[in-house]
Amino acid sequence: MKQYEYLAKQILAAYGIPIPAGRVVDNPLQAYQAVEAIGPAALKAQVLVGGRGKAGGIKFATTPEEAQKLAQDMLGMNLKGYIVERLYAEGKLNIEQELYVSVTTDRNAKAPLVMASLAGGMEIEDVADEQIVRRYVDPRVGVMPYFGREMASALGLTGTIFKEFADLIVKLYTIYHEKDAELVEINPLAVVNGHLVAADARLNIDDSAMFRHPEIEAIEEGSELEKKVHEIGLAYVELDGDIAVMANGAGMAMATLDAIEFFGGKPANFLDAGGGASVEPTAQALGVLVSMEPKVIFVNIFGGITRCDDVARAILQVKETIGIPVPLVVRLVGTNEAEGVRMLADSGIAAYSEMAEAAEEAVKLAGEGR
Amino acid sequence: MAILLTSQSRVIVQGMTGNQGRFHTGQMVAYGTQVVGGVSPGKAGQSVDGVPVFDTVRSAVAETKADASIVFVPAPFAKDAAFEAMENGIKLLVMIPEHIPVEDAIAIVTRAKDLGVVVIGPNTFGLISPGEKTKMGIMPNHIYKPGPVGVVARSGTLSYEIAFSLTNAGLGQTTVVGMGGDPVVGQTFVSVLEEFKRDPKTRVIVMVGEIGGSAEEEAAQHIKDLGKPVVAYLAGRAAPPGKRMGHAGAIIERGRGTLESKEKALTAAGATVVTMPWQVAQAVAGVLQ
Amino acid sequence: MKQYEYLAKQILAAYGIPIPAGRVVDNPLQAYQAVEAIGPAALKAQVLVGGRGKAGGIKFATTPEEAQKLAQDMLGMNLKGYIVERLYAEGKLNIEQELYVSVTTDRNAKAPLVMASLAGGMEIEDVADEQIVRRYVDPRVGVMPYFGREMASALGLTGTIFKEFADLIVKLYTIYHEKDAELVEINPLAVVNGHLVAADARLNIDDSAMFRHPEIEAIEEGSELEKKVHEIGLAYVELDGDIAVMANGAGMAMATLDAIEFFGGKPANFLDAGGGASVEPTAQALGVLVSMEPKVIFVNIFGGITRCDDVARAILQVKETIGIPVPLVVRLVGTNEAEGVRMLADSGIAAYSEMAEAAEEAVKLAGEGR
Amino acid sequence: MAILLTSQSRVIVQGMTGNQGRFHTGQMVAYGTQVVGGVSPGKAGQSVDGVPVFDTVRSAVAETKADASIVFVPAPFAKDAAFEAMENGIKLLVMIPEHIPVEDAIAIVTRAKDLGVVVIGPNTFGLISPGEKTKMGIMPNHIYKPGPVGVVARSGTLSYEIAFSLTNAGLGQTTVVGMGGDPVVGQTFVSVLEEFKRDPKTRVIVMVGEIGGSAEEEAAQHIKDLGKPVVAYLAGRAAPPGKRMGHAGAIIERGRGTLESKEKALTAAGATVVTMPWQVAQAVAGVLQ
């Protein structure tokens, strides 16, 4: 769950990490007032996409009037598919040096990873390996002040910045830990007047931990359709093909997309109907596929916990209510297979037992393929 | 033989009186698993499918000498359940729930390492040893049969698909292990491959991987010295970067975790890499000859 | 650092543990108002001594008038040497059952120890061992809910009380942990209307951890003289003999008391001047001994870090300023011994080198001994 | 020979540039201790008595191969310093500060156990091995001499008194260990007795105990099988119950930790128990004959 920059910065500030003067701006008048109060400022679109700056999502205003005018243009603009509803006006910094620091979860080490670099201001993937200091956190120990000093020392920092950096590492890890973050990143971590300031910040919260963070607003990413399917509780990703796909289980759903591409087709989406979904959510999911107006719908079910007769029931329910106006290819095997297949056959829907054959047929019906 | 789970394993079910716990207790008992007890706080004295329910793992272990536990409690309570099991001597712990906070998963696997506990999951279908007539998990009972193939997978349904195709091709399994779809899980391909290496009955190993992380690349390092053939199938060829494909773990982040790098590493290590699930059984038959 | 009952209860309540209705009472009118508001109540003297009830520190008031009158009597009373400055008016409970629960530090196990018993309401030392459930906490793990359930189960609790008790154990440990307690005890833990209520509570905070608990008030125990010496930063305990004693190091100070008793004398105090105390605090400490008007003053110094000449200087300073009107016995060996002894000799004070001889002489001068 | 600390021990001083650290570095160097480095954040490049100062234990250990550390930082920072030492490979850790929160002490000794670190203290005068010409601590240099007596004490000055009386009686010491006066410390009489048991040069052991806790009673259990004579002196006969006698640890709580029970247990275990400090040397001379 990504957090908007201004929310991320508010959390940093709450943990004692210095941030630039800044204000949330909802309308042009507030932009005027913000620059009046804090002086020349950057107006930053609060959207969850990368490369904001290049896409025109960050503008500089020297006067209140300029800020008001810029805000008028920026609020409501479409930035890479996202409507800009809010700006963050932030005072300009006289940056002397740019560093990088982050805490993230390393899935292979099964431990938090702290990274820091003197090469701040660019994406960390673009920084040469030898310029990055990487230290794993032992979950038994956490991050104590010495850990921050070791990183400061490894970076070659001295004096005030040594102390401030060491201190900041502890605070950053505390945020990571207490807020169940998967990523908390300050980039650039700026040196201004000889002191550290978090010039930009990213904070992603672990979706699975949101239940214990009522203080953090849930921010749904993605298209309207994606949001809608997520509300049903299913995993859904929009793709740009025209064969709508539903399968049960994330691995199966991925394999189904792979199979469609294997035969030369283009999947329209990823949809995991769940390992043991019952009739109602399955029907709802299928309804979503219909609403996408694809060329073909492909349902690929291996009935383990999921019962094939339940899937058949869901299909028939959708067929009888909203209707399925495009070709439907169903692959159905496993638990209660016979009954499910019979139910579909009774309604004139043939079911495949082999995934390969079914995928090939779906591609063929879409008029694609080799 | 089998790995990790054998007919000797004495299993308790944490969260036994919930819907899922109740249903799968029945399924496990039916498959032959030695389910010796269940745990549901405040429900001591009840029973499910003839299996006694206890208030705590402590009392269950004291009464039944259980050494393995499968956890069905909701994600917010999973860490508590996992520690309850581990601190009371459970040595094989299967964590079924999905959506366990990563921080909790880290705490669980870290403690497991210190205590010598094998954690399967979280967000796993469990593991099954057909020749031992025992399973701990939520997989369908009828799709497996005893045989020489060890299977290790990240994903549930996809592994069913492949296990069933093996069974249908006459290729039975020693043990099928679901590592779990979360970013942080107890096992790695490497740790499970090592188990299969030590199992004399396992003659070939099937790895069912997917995009995300670098577990497959790390496994490749070990496959060279494994002494047993490996067939690998990886899902997610069609997945775009930056999007979570259902599993919290299945995401290509900043150029890491792509299928290409994984397949390249595995091929270089000598594994037989197939591109579609229905090609696995034939490849296994091939390397077994 | 012991906490008053009402402070302990406020902390319990802040952590979600149910406490009886109660009010702090500083004057008789407040006692009236308290009983008016919460009904018949116990008025409890807020002093840090055990056996409050037997000593008349707990009275029951049925009406506001009665409460006012009782408060008048109780406020200002002397309870085992402590003046009662504050009462806690607490609603009467219809107690159905009394349990015991505590978390404390076990110094041998080097771990927290949780104890619980169905035999509540009396001091835990008076409860038979087999009636107490004892569980150590692994500091690596802390107390998770299962730990509470295990204790509830070991006590044989069921139903609502099982759940409430398990939950309470977690909260109690959280207090122990977050407040750096050395003891947090609920006794009795009452069952009222089928629910748990902390009828009485004790909370001792680790003195050494007070620096990180600005939210907790420092409560100095002991006599005025003890408080005064503690303010100098020295360890001091009043005893009932008439030979005033100063030594350097806690072990040495204890051994010095033992030596006095060995020769049949009675020490007036324990005073550890510190392992490396300099002139000023040593002189201050000696000043305190003079102010006690003992029969004899015995100074026992093994100069390690402490320098014998510094001790001599301190003695001479006191002698020359406030004067030392009682016999003084000094034992002085170790670092800079020769200089220290010479300085004392110049002022007519003989110094012993053997602790035994010196102690025997001090006892003799006090007119005691065998 | 000696226990725990030998002439091979490579020592760093954490908090070397503070008053105490600076003074005792000089004292340790003068005694012969191999002080190879010091740690004071932000002071890298300085030196104290010719010993180089580093910013972190990590860099100090990397440069000097230190395996032991003595900590002089103020109590609120002691836990951080202790973990810094332990996580960077230090195996003998002497914690001088007093007033370290008990919770921190528990965390330190728990972690030390997991990492195989020997912690002396907190609130200790340290330890000294006269025959090895090395010490880590704040004890005076001149009161010890090499010989066959192992000394373990809770309290500082009292142990000086006794060590000096031994020295004056011609009874030198292998190692004198100060366990520390806090409620929770790294060592127990038992753990130190076990070390002395293994040291061939130690022929007799002097225990200097005091009221509070039950460490002396636990030690008694082990003295029976120690194979070496033990002379014990315990302070606090005149201490009233419920009052802390200076040391946070020295308190008779609710009838536990009294001198009577301790002396009874030690006597029953075969130790020679004396009642006054000046009786120790004679008792040691007696058992050595």
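Per-chain numbering from 1; labels A, B, C and D assigned in written order.
Heads up, the rule we're going with is that a contact is a pair of C-beta atoms (placed from the backbone, for glycine too) under 8 Å apart; a residue touches a chain by one contact, two chains touch by 3 or more.
Keep in mind that what you see is a predicted model, and the values were worked out from it rather than measured.
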Third chains touching both chain D and chain A: none
Reference chain D; chain at largest CA-centroid distance: A
For chain B paired with chain D, centre-to-centre distance based on mean C-alpha positions, whole Å: 50
Inter-centroid spacing, chain D versus chain C (mean Cα positions, whole Å): 27
Where chain A and chain C are represented by their mean Cα positions, the distance between them in whole Å: 56
Where chain B touches two or more other chains at once, by residue number: 114
Where chain C touches two or more other chains, by residue: 140
Pairwise touch network: line, ring, star, complete, or other: ring
Chains touching one another, given as label pairs in label order: A-B, A-D, B-C, C-D
Complex contact set, residues of chain B against chain A: 75-76, 98-107, 109-110, 114, 125, 138-140, 143, 153-161, 164, 181, 183-184, 188, 208, 210-211, 213-215, 218, 235-240, 243-250, 254-255, 275-278
Chain C residues within the chain B interface of the complex: 138, 140-141, 144-146, 149-150, 152-153, 158-159, 162-163, 166
Residue ranges of chain C touching chain D (in the complex, touch as defined): 105, 107-108, 110-112, 123, 125, 139-140, 177, 180, 182, 206-209, 211-212, 235, 237, 239, 247-255, 257-262, 267, 270, 272, 275-276, 302-306, 333-335, 354-356
Residue ranges of chain B touching chain C (in the complex, touch as defined): 41-42, 44, 55-59, 77, 79-81, 83-84, 87, 111, 114
